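Chains: A, B, C, D, E, F, G and H, in written order; residue numbering restarts at 1 for each.
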Amino acid sequence: MDKNLLIKLLDSVADGSTATLDAAKKLQHMAYEDITYAHIDHHRSLRKGFPEVIFGEGKTADQVAGIMEKMVPQEKIILVTRIDRNKADIILSQFPSAVYHGDARMIVLELETIPIKGRGPILVITAGTSDIPVAQEAYLTAKAMGNRVETIFDVGVSGIHRLLNHKDSIERAAVLIVAAGMEGALPSVVAGMIDKPVIAVPTSVGYGVNFGGLTALFAMLNSCSSNVAVVNIDNGFGAGYMASLINRV
Amino acid sequence: MDKNLLIKLLDSVADGSTATLDAAKKLQHMAYEDITYAHIDHHRSLRKGFPEVIFGEGKTADQVAGIMEKMVPQEKIILVTRIDRNKADIILSQFPSAVYHGDARMIVLELETIPIKGRGPILVITAGTSDIPVAQEAYLTAKAMGNRVETIFDVGVSGIHRLLNHKDSIERAAVLIVAAGMEGALPSVVAGMIDKPVIAVPTSVGYGVNFGGLTALFAMLNSCSSNVAVVNIDNGFGAGYMASLINRV
Amino acid sequence: MDKNLLIKLLDSVADGSTATLDAAKKLQHMAYEDITYAHIDHHRSLRKGFPEVIFGEGKTADQVAGIMEKMVPQEKIILVTRIDRNKADIILSQFPSAVYHGDARMIVLELETIPIKGRGPILVITAGTSDIPVAQEAYLTAKAMGNRVETIFDVGVSGIHRLLNHKDSIERAAVLIVAAGMEGALPSVVAGMIDKPVIAVPTSVGYGVNFGGLTALFAMLNSCSSNVAVVNIDNGFGAGYMASLINRV
Amino acid sequence: MDKNLLIKLLDSVADGSTATLDAAKKLQHMAYEDITYAHIDHHRSLRKGFPEVIFGEGKTADQVAGIMEKMVPQEKIILVTRIDRNKADIILSQFPSAVYHGDARMIVLELETIPIKGRGPILVITAGTSDIPVAQEAYLTAKAMGNRVETIFDVGVSGIHRLLNHKDSIERAAVLIVAAGMEGALPSVVAGMIDKPVIAVPTSVGYGVNFGGLTALFAMLNSCSSNVAVVNIDNGFGAGYMASLINRV
Amino acid sequence: MDKNLLIKLLDSVADGSTATLDAAKKLQHMAYEDITYAHIDHHRSLRKGFPEVIFGEGKTADQVAGIMEKMVPQEKIILVTRIDRNKADIILSQFPSAVYHGDARMIVLELETIPIKGRGPILVITAGTSDIPVAQEAYLTAKAMGNRVETIFDVGVSGIHRLLNHKDSIERAAVLIVAAGMEGALPSVVAGMIDKPVIAVPTSVGYGVNFGGLTALFAMLNSCSSNVAVVNIDNGFGAGYMASLINRV
Amino acid sequence: MDKNLLIKLLDSVADGSTATLDAAKKLQHMAYEDITYAHIDHHRSLRKGFPEVIFGEGKTADQVAGIMEKMVPQEKIILVTRIDRNKADIILSQFPSAVYHGDARMIVLELETIPIKGRGPILVITAGTSDIPVAQEAYLTAKAMGNRVETIFDVGVSGIHRLLNHKDSIERAAVLIVAAGMEGALPSVVAGMIDKPVIAVPTSVGYGVNFGGLTALFAMLNSCSSNVAVVNIDNGFGAGYMASLINRV
Amino acid sequence: MDKNLLIKLLDSVADGSTATLDAAKKLQHMAYEDITYAHIDHHRSLRKGFPEVIFGEGKTADQVAGIMEKMVPQEKIILVTRIDRNKADIILSQFPSAVYHGDARMIVLELETIPIKGRGPILVITAGTSDIPVAQEAYLTAKAMGNRVETIFDVGVSGIHRLLNHKDSIERAAVLIVAAGMEGALPSVVAGMIDKPVIAVPTSVGYGVNFGGLTALFAMLNSCSSNVAVVNIDNGFGAGYMASLINRV
Amino acid sequence: MDKNLLIKLLDSVADGSTATLDAAKKLQHMAYEDITYAHIDHHRSLRKGFPEVIFGEGKTADQVAGIMEKMVPQEKIILVTRIDRNKADIILSQFPSAVYHGDARMIVLELETIPIKGRGPILVITAGTSDIPVAQEAYLTAKAMGNRVETIFDVGVSGIHRLLNHKDSIERAAVLIVAAGMEGALPSVVAGMIDKPVIAVPTSVGYGVNFGGLTALFAMLNSCSSNVAVVNIDNGFGAGYMASLINRV
């Protein structure tokens, strides 16, 4: 539940505009709500500054919609990740103001405008064109969490001059997200240029011994640049989330 | 090279106390210095806010000392990681003011007092007693980089009440480092309690299918808490470094 | 063959209601029956207290039905696991009183009512919504084997308060089954709260370095709680079976 | 802390033989005790029916002794696992009544006689002679936890008649622990003979593609017998612990 | 090319019924024939006692038929393995006397009757029903190579009495092929009963940590019975081929 | 951009046929061109002697066509790799003079005739028929880069005489590319016959423990012949590219 | 127990030279003997044609000697494998007629002369000099089991002419054992030359991605020659044992 | 055998200075020499332009010296790789003119001066100081094979300016060898700057998920630069050998 909504409710009790019993009823579902197939963690917005994000994979469209329905009254924004177009169509028919982003496979349902809270811009960089879907997931997440977000795509290390030409944007960023598949070398090079934290996102782009992104992941964990931390393969969402929290420390 | 040392040098040229030719000689080694077996990156302090840290493994004591010798005139603090006691003894005989930390296998040579630059405290937590050496590496690094650092050791998830009793320290921290071996579950639980970034450090503690820390690493990358990013196994240094940069964003 | 059926047969010989030759004929297929593509282990009910369970994967619908046909005269209950809806439809057309559970991909054919034999309740817990199909397989198996079974779904460690609120049910259970994917941390936390055996079931829920459940499996085998033993990935059936035997020790 | 000790303390307060302040002081360390390098979980005996077991690997002899010192006043029995002879010698010089078992690498410090609590005998079986050390760890643990424990060693599947000759002991056991390295086939065969739960312990015995026990582990997780659950490689302690809890359900 | 065909050709030259030039033309393609996409090894029958077997996977139906066309004039029997029904239909329309075995995914084109050459019966055993397709591939290969072949299906180790009841057949066999998935324990048990060579074939039957047959493979390579050698996963053909050569030593 | 095109442009400025401003405009896109989803590296022809090759996997047909459109004015030849027929059809409708090679999954758009620049013939060898698609990718790439290219297909080591009969071609080649799946032994044998560099290409042909080409890859990296270097699994393009550069050293 | 010894005993009962009670006492230990740490399988000679072979690894010298002591009265030959020189010295002091082979790490105790039983010569080939210890283990085992054994060492595929020059020996052998490390290609080439069964033994010789012999193992399992079956890495004993049984089929 | 030595011998026969019988005796050992534990491939110099190189690992000092003894009369230079100092001391006592290079663990015995045959300089680059031993092995090999060789050490991608400052040397090289551990990114960046072939050598430098060099290896095989081929981990020798052959194409 959003903190402001909670305060507003308590204020309305204080000034008598909400009856105690009505408030109690509303509050009782606040810690979490058990709808058999899910324990919705309404408390998360208070505790973590952002509501629970729905992981779409392995849930039916009905389950996702059912969780969203319970969250709408309590939150400002709802994100669903890893949701394919078929499920999304069913869900959007129920929440027409939600937007589906096909490349990032995300639904964003913005119930109130999200103000900018981050200290500086978050910059999302990719090594190749094929890494863009993962980068988009990071981009949408970081935007939803109240950050200015910039992007530079397809500046992999086989043509290092392309990267060096973006030196200004890179140095201006407060936090960086670098997505790369194949040999996963880009985060090391970018991180070597700056004194800002870099969240590296390995992508499953490549073939043969890229092992669905594993090689890029291990390369990033072995980075000779020390200002690199890593999230799971293709986890653009996690990168955007982590970068957002860093940007508010 | 340290930024202040650079400004001081330029000032001394400006006020005539240093001859131009002497200054030029000093400056020429500033980008990097090639001593055959190493290209010392003196420029790093300017570019990245902290001097190059010497990775001791695979280098002879003489090589480490040789690199330190070149760095001393230009830096405020020098760190050597992954250095065993035998090599350390040789090095310390040459740099008597350096301190060797046996548990963390680090040498710290503080040439000037390091002021606090971080926004809030960095908290280092371990799941078990055996994870402490890795935690110490993180602790020493974060301290060397100008942070207040606190620690809580041996609060693994098999007795969750031990962890919950430290809730206040956990919520007060600006950035958290959580080191765990075995099943690597602690970062997920800690991260679920707060809205701050957590750097997870898998340790090689355990046996059988912990695979020298790999299981903990993968568990952390799969964390169901989104405010977790991960560094390499036993990489306490990297965790401390990353947390320090985050603490200054 | 069910023990009671065997005794009944022998009694009927004793009191003359069944002719010796008829009984002999019935008995001759009792150790096992060779139907070319399968050796049906009729002796299993006597030896193991529960009839052979048919593993549906890799068998044709006809093979499954053929095995069921031979078992019906000798058993009280027949289970088929890992059977998809297409095959199930064919089989159910032949055994109309059987029930197909789509989420658990199981057929249950109850020929007699199964009495409760377990000492206490078996509790099935999942970390997420997507783990429910595996939990259902455990639930149906444990019920078929004569246990009271309870469930708590979606109480993963990223919101530990959801779990702690179910403390009473958890402490009341005689045996626990905990299914989790991703980092597989939940069994450790649950097991740390109690002095009862916990059967941990890794699920293939997750992506990237969850490796189809392998990370959860290894995490569970590395559990810092000692009252945890593990079954194969997604093996809800095995967990339910093992828990049932434990519940009768 | 042992439950009886707690009740005794409270009784002594009730009858005036212990002053309230003295009792309070004793009680304050009961949840856990923070001795910097460890949070000793004194509450574990109450919560889990058995005190914390000290994992010796990665701890210094001093750390182990320090933890034991704090536990002695509160517990009936103390176990230390994975402790080599050198460390054990140091520790035993401080706790002369403790016993070191070299094959199992365990210290057992029995402060009071442990009564039998288990329902039936626990049977520990090994496939080979080289698996005995792991079996001993299980044996000692199960005995320390109040069970009758029997053993059969070196009855691997390459000479199946050796196993079948022990049919009586096998059928008499309430819970079975089966340790095997190499191809890890023994638990499947044993479990197929009975209707009791089998805890399978893979051992690292073998070479080449046994991968330090991994092959045995995976074979056991794939067991075609359903009454098998598995613990980590060489984890005799875990097997003994789990079997003990099962034996009290 | 078949040895007898070669001798017949040479005889016909000797007795003048074939002109030297015609014979030369026929002989020139005998070592191998280069048809651009394949070098058909006609020499193999002479060198290895059996013609080249066509591995169907990754070849088009046209390529397979093209190779068969070149082999027909020179061989007594042609085998195609790993060929799906669609390709087989195309091929059989061109070679109507060939037979397609759907379960084994093999085409057998018998151009002359194959006499029995093996010393004793080859026995093919499977652990489960789902292993039968692999066993069939071995069966058809061994039969095509001139052996008496017997089969016993579904006698896995979870009900060891099923296996022991076939002791006579097992002891009568000259060479044994044992196919098993899951934990792959059956070859060890069978081999422990006899003094004959056992070819173990791991199958991909199972799920989770059977890793598509890898666990069974490794278990078999770790067999505590020494009269076991192993072929690739699901390689029924290789097992049948190897057993046939052994049966003629 | 092609070097000759660049010189021609500068010449036309020198002789006044192109206005300075027009030339400047043309030149400004020469280092690279940012079309949002890609940074096209026009500088690559100058730097590396061959234009950027478009990796088709993970790009839409529109993205590929968009990149080609920007390259056409500046290059002599354009290659697209890993492009399936559906995407190719869309692209060829826009570039009718481009040719799609279905077996190699490549588009070649030759804008000018490519002269032979290589010192000697490049020879492409395969172990089996199923390796031909990978070999074709190498063949087309090497031809596009200005080499004479020869091929020998299906001469694997199970019939070594087939290989030895091609000794002359093998000894005549300046550089060799050897593609093999399964056990990947062919490059070792070929390399042992000559003193020329061999580029080994593992293919994903095989099943079971070939692990999609990994076994062939590792075998090749372990080659007991020292004149072997290796590229990624199925990377015919990389082999052709590398061989071409070697052929011009 | 050796079959002849058994018959002799029974004969001596028949002719009265042995008292019934004495014979009974001797016979009672014949199935197996339980000496606490081992179940010695005396029955193995009858069942399998060769006594149990003692695997030395993980057993103490005393345990090995204890087992030998029980076997001496019943067997003609005793083998101990994987036994290092230190243990061997202790054992030989007790069995002075035993011989220790340092390269093969085997003890052979020949109590009676072993007659030749194999049909033809067994040929042991190695790819390199470093593979010889494994080959020696195979050689000694096959000799102990009654075979003529020949050897050819260091004829790896990087100089194929060395192998081809031994064509006669290779074609003369009844069974072949081929040991190779690194890329493990030799068994495929050898097997391609003949129509006899080849037992391939991967060795751990090599470095990097040979993975302690795993690459050679997988290469051999993927052999494009069908007359190859494989044993565990460095398992010279198993290869010799298997070849011996094949040589008697 | 060296080609010139062969011609000289034949000339001396032609001019009568060597008797035919003496020449025959010398020639008979030329194809290869069988000294029981090794088949020395004297023919290699003729066939491959460089004599057999002795792989020291797994051979005794005596075996190495024995092989050298046979090679000395026939070769101009002898290399021994992977030889530790202890063995080297024994060997050098027998061949005093040989030189041992401790960092590269190589013996070089130059019997005649090696003329320069390579077209241009070979450049050996390392990412770190710890990679130097591997680079030295490549350096010594390439020099022994008749090349000018240059080196640049410690220019990893975390400080990209260090690398860019060596642009001239990099562009001047005919062939490049790039050794890197950890994330293995350097070959991609170097290869992206030039149009020359790059041999990438992964080193085992690093810890945790570098897996003894595996991550660097896989990263290099996934290189987004196409002019990269790879050799085994730490295989400096192979890189130097391959580069030498490339430099003579």
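Convention: a residue touches a chain if its C-beta (ideal position, glycine included) is under 8 Å from a C-beta of that chain, and two chains touch if they have at least 3 such contacts.
Source: prediction; values computed, not measured.
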The chains touching both chain C and chain F are A, E
Suppose you list every residue number at the chain D-chain E interface; are over half of them used by both chains (same) or under half (different)?
same
Listed pair (A-B, D-E or A-F) duplicating the C-D contact set, over half by residue number
A-B
Rounded Å distance between chain E and chain H, as computed from the means of their C-alpha atoms:
44
Rounded Å distance, chain B centre to chain G centre (Cα mean)
55
Roughly how far is chain D from chain G, centre to centre by C-alpha average, rounded to an integer in Å?
39
Indicate the residues of chain F shared as contacts by at least two other chains.
128, 158-159, 192-193, 208-209, 214, 217, 221-222, 232
Strictly by the criterion at the top, what is the full list of touching chain pairs?
A-B, A-C, A-F, A-H, B-C, B-D, B-H, C-D, C-E, D-E, D-G, E-F, E-G, F-G, F-H, G-H
Touching residues (chain side chain B, partner chain H) in the complex
31-32, 36-39, 41, 43-44, 47, 52, 55, 57-59, 63, 82, 202, 204, 212-214, 217, 232-235
In the complex, go through chain G and note every residue touching chain F.
127-128, 156-160, 182-185, 188-189, 191-193, 206, 208-211, 214-225
Per the touch rule above, chain H residues touching chain B in the complex are 128-130, 132, 153-155, 158-159, 161-162, 165, 205, 207-209
Of all residues in chain E, which touch chain G in the complex?
47-50, 53, 119-120, 174-175, 192-197, 199, 217, 221-222, 226-232, 237-239, 241-242, 245-247, 249
